[in-house]
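Submitted below is the structure of interest, expressed as structure tokens.
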């Protein structure tokens, strides 16, 4: 009688986890905060020493000068940032909507679709968008095509975590809130969402990591990013360029994930 | 549309062969990830520090973009299937390790204690009580791993890895020609089919290997 | 006897002003053959604790939750303080009704102060008033404001969370409180203490309280009136605890009370209701010879040592004094246990003295000063008196053919 879970609602928590589902972490030790930046700095320093001790030919010089690398990095960050912001703007409201009682009947269908969607390879989606865009429309549309592909794929983890986050909030807390006369919107904004923040943030972090990674492939559809350096290295068969591009990409991804981890710790409401 | 089906008809043999390669590649990597991942999980789940490190390190593998990791494999392993298998195995570790740890930690302590009370040694408890009870959770982890690896394997075509990725990158290389879309779409559909096959297979395997008492 | 019992028994015949009136209230869930609550009519007098008690599934929780419309009734009316609230804005309604549930439901991401401030904020109080109210309420539930204001729920024990839950429910100073098994998830010892604290609090605040429980002992202890409910929330009997124990309306009620109605009566009277016995006492620092004189003058083997604030410190006997002639009185003899306050029930007192393995329980007032003692004899005597009183009342009731029956019929 006290449980008011809608009958027939799919048990979200039992659904197979998103590929890079959140590891529920306790507060981290100081060591784990310090290790990653030091490690990444060492990798960068090593890379710098290695590259500066090589005899670079003109092709390599053109690919590996500071200006080109900075430009690629900024392109990469732009792709990642725009797509992640769009993901948040789409997935969180959608997740809220899909956990309200009146959407109960669509929930199962949508989650099934989302699960199948997870099996679509990112490179495929990107290639499809790219091939579509590059074949039929203007060539400059690469960036837009890449962002659409990135968003389409990264919406899923945030959507799923938003729904799981909202549904795991203890029913008795919500009942206490309603019983005190907090209205529907108040219960959502002041109780449900704050209590879901850790899980939603974990989803956003997953989306961020997916976007950094997939943005690397965006170079294949002329959308720029650090992948551009790797592709240049591949097409000119210059191993130094390939390795530099790959290492920079890896460092960027690990750094962004690290920063997102700190954001998770900082933004989690106290008391949880 | 009919043009696409013509394409599938013409490349039928090719699609099957590439599909088998894709499955072979992913199959081996999933096996390796599972073996290594369960081992890491079993050896670290009891103590906090090693557990944290195992999760952090395997988590970082999954953070590295696949494009970058495949390229970084070239100086060490050259090109073709081997670098792809190593990279995929690295990517597949986290779900297995995490679920092994979670599964083992969720085993009811009363059960373990009564096994202890009956005189079972450490290894016996692990093999006969804890792992069988944690198995459904571990299998879920393996299914996630398979799903992730099927997708990432497509990127392996960059370093001449076999599989449906070759169709996708071929398509990208022929932008503008009508074949491009056909190649990309058939590659994607191939990947999805392989993913569904793996998931179904593992679901059945999981059911067969899980004690009926906890299903 | 005392105020407590007399108000309760007279209330059976002459209830005070009605605060909540349920008229033909019903709840029919779709797809279920029988209604969860079937045409219930019940009047709840102002300032009383009315207990809804019954076996699980009888509809008692549904009934309670319809009062603040957490569950919407499908038929009937709810009149609160003379006003029909069946169709009122539920949020506005709930802000005027305190609500405590078994799981408490504290907001884990808010501090204790923020939790308590929720309703006052919704009611638009100014910050200063809210602050003062938080401190006042924390003191009311015996939690030091400076220590607990800024803690989070997870930093509290179960009993403390329950206290905060009660404080939060009282925050908007509601006239009515709904409590759904509020002490259900708490260990028995803490539960007893919290129940007593709550009764003391209620004596001050005089709220109208609807209290749901499945535990008849708790119902008898806490209730001014008890509604025993059968399936579909049909009233089997609605009466004071005494009348229910003495004159169960039917077999269902008798079965539900179970055996040991006499012992259950111990939950009905309180230490302050009976005549306390006196005991030989001596002041801390008294000469041993003086203590021996006191002991010889009485027929007891022990004397109770009190300190300057008249707080009990030690039990000492003649052999203790002879053995340790030169030690101060508070270092010999036995530590006093089984200490109860006047609002404890006789059941509590009996429990205490059995647990401590002493033959008497010491009664102290709120500041810990010695008032007298309760022993097994006075408890047995109290049971005997209560039984005869109750029988006499029941007989009068039957003869006059009104009180009991009428009371049992209330709400049908």
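A, B and C label the chains in the order they appear, each numbered from 1.
Simple rule for what comes next: a residue touches a chain if its C-beta (ideal position, glycine included) is under 8 Å from a C-beta of that chain, and two chains touch if they have at least 3 such contacts.
From a predicted model like this one, the values you see are computed outputs, not experimental measurements.
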Overall pattern in which the protein chains touch one another (line/ring/star/complete/other):
line
Which chains are joined by the largest number of contacting C-beta pairs?
A-B
From the centre of subunit C, which other chain's Cα mean sits the farthest off?
B
Can you give the whole-Å distance between the Cα centres of subunit A and subunit C?
55
Based only on mean CA positions, could you tell me how far subunit A sits from subunit B in angstrom?
20
With centres defined as the mean C-alpha position, give me the subunit B-subunit C separation in Å.
60
Give me the residue numbers in subunit B that touch at least two other chains, ranges are fine.
none
Please give the residue numbers of subunit C that touch subunit A in the complex, ascending.
36, 57, 61-62, 68, 70, 90-97, 99, 101-111, 118-119, 122, 152-154, 168, 178
As the complex stands, subunit B meets subunit A at residues 52, 55-56, 59-60, 62-69, 71-72, 74-75, 94-95, 98, 140, 143-144, 147-148, 150-152, 154-155, 158, 164-165, 168-169, 171-172, 175-177, 180-181, 184-185, 187-188, 191-192, 195-196, 199
Residues of subunit A touching subunit B in the complex:
16-17, 19-21, 23, 28-29, 32, 116, 118-125, 127-128, 130-132, 134-135, 209, 212-214, 216-217, 220-221, 227, 230, 233-234, 239, 242-243, 245-247, 249-250, 253-254, 257
Mind listing the subunit A positions that touch subunit C in their complex?
1-2, 170, 172-183, 186, 191, 194-195, 269-272
